[in-house]
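The structure that follows is given in the form of structure tokens.
Note that the chains are named A, B, C, D, E and F in the order they appear, and that numbering of residues resets to 1 at the start of each chain.
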Amino acid sequence: MENWLPTLITATPAEGYDLAVKLARVAVKMTQPDTAVRERLRPVYAEDADSLTAASHVVAVHFATVAAANNYWREAR
Amino acid sequence: MENWLPTLITATPAEGYDLAVKLARVAVKMTQPDTAVRERLRPVYAEDADSLTAASHVVAVHFATVAAANNYWREAR
Amino acid sequence: MENWLPTLITATPAEGYDLAVKLARVAVKMTQPDTAVRERLRPVYAEDADSLTAASHVVAVHFATVAAANNYWREAR
Amino acid sequence: MENWLPTLITATPAEGYDLAVKLARVAVKMTQPDTAVRERLRPVYAEDADSLTAASHVVAVHFATVAAANNYWREAR
Amino acid sequence: MENWLPTLITATPAEGYDLAVKLARVAVKMTQPDTAVRERLRPVYAEDADSLTAASHVVAVHFATVAAANNYWREAR
Amino acid sequence: MENWLPTLITATPAEGYDLAVKLARVAVKMTQPDTAVRERLRPVYAEDADSLTAASHVVAVHFATVAAANNYWREAR
């Protein structure tokens, strides 16, 4: 996983959001490296509203970081 | 979903708030892309006070980002 | 609800706090627009310590945003 | 409650921390204005480790705001 | 507890982290001043993974504040 | 544990992420110093989706701090 995060800079806000989603998922993978277990858990929490909200929350925290790194893509306006 | 987030800049704080709500919801859609499942979950958590508070929390985190991106709309004062 | 948030600027920290409370509540209204449902939920979570703490948490996140927008009302000191 | 928060500026970090505690509690009071109910809830959550941690979390968010408002009391070093 | 927090400035990141842990615990003490109760709660939540994660979360929020106060100890590099 | 955190500066975003994971885990170790207990808890929460999300959340908060400390590794772009 050495090259999974070369930079926080993205061309657009949407790409920055995708990066935030990735940042949220990598910590899960690091704690639970077994893909089979993660695959088993996914359908359960993907049908639980509170689990989905919690996942969205983590994305929000990472998006704040990525957005700041990109100066909020103000130039791209 | 490529063009769903062209910019974080909005004309007014209220539009920024709407964008924060959108940002919170997109992560849910990405984790649970099945519209039918999301529609099924909605009435349940929309009647649960804690679920509503959790959803509001995610909006708050995104609103902080959007507000910073817009320099808090200070010029608009 | 178009004009519900004309600005994040408030005259005093206390007014900023009131605005943070409002910001926390609006997301709940957007997710659960039915006033009758919200009225029904209110007495339940208002007697649950954890629900109250969670609500206070959301206010705290919004207050951080409003305070930053107002440069922490330092001039008003 | 009009004058409850005249400023975020405090003389010391410890006073800033006390203010953060106050900021966390006021939102609870606003949601549950009945003192008798709050008094009834207190002993319950004060003996629940997770409730205590959640309360401490809200204080942490407010302390971040108060600390920033005071430029982290760096001058006072 | 008047002098428990003279400054947010620490010599090293590790000391800043210790301070963050302290900041997280003080709010718990303020809500539950009875040492005997806290001692009774400790072994329970210290064996609950979610409680430990929640405690770590509060430390993270305070560490962000302490790190900012210290300009991230960049000079010490 | 005196030298466990000499600096928040890392060469790359990926190393910064690893540091965030470490920062999240150290608070757990401080609260539950018994390695045997932590080892016992790990398989339980590593198979609980909500526990994994909560752990990822703490990493996100620390990553925000580490990223800010490193000026978001903008130079490395």
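In the analysis below, a residue touches a chain if its C-beta (ideal position, glycine included) is under 8 Å from a C-beta of that chain, and two chains touch if they have at least 3 such contacts.
As the structure is a prediction and not an experimental result, all values here were calculated from the model.
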Fewest hops from chain B to chain E - one hop per pair of touching chains: 3
Chain D reached from chain B - shortest hop count over touching chains: 2
Per Cα centroids, the chain farthest from chain A: D
For chain B paired with chain F, centre-to-centre distance based on mean C-alpha positions, whole Å: 27
Separation of mean Cα positions, chain C and chain B [Å, integer]: 15
Touching two or more other chains - residues of chain C: 48, 50, 54-55, 57, 61, 64, 68
Graph class of chain-chain contacts, one of line, ring, star, complete, other: ring
Going from chain A towards chain B, every chain in order around the ring: A, B, C, D, E, F
Of all residues in chain A, those that touch chain B in their complex: 12-14, 17, 21, 46-50, 52-57, 59-61, 63-64, 67-68, 72-74, 76-77
Residue ranges of chain B touching chain A (in the complex, touch as defined): 1-9, 23-28, 30-32, 37, 41-42, 44-45, 48, 50-51, 54-55, 57-58, 61-62, 64-65, 68-69
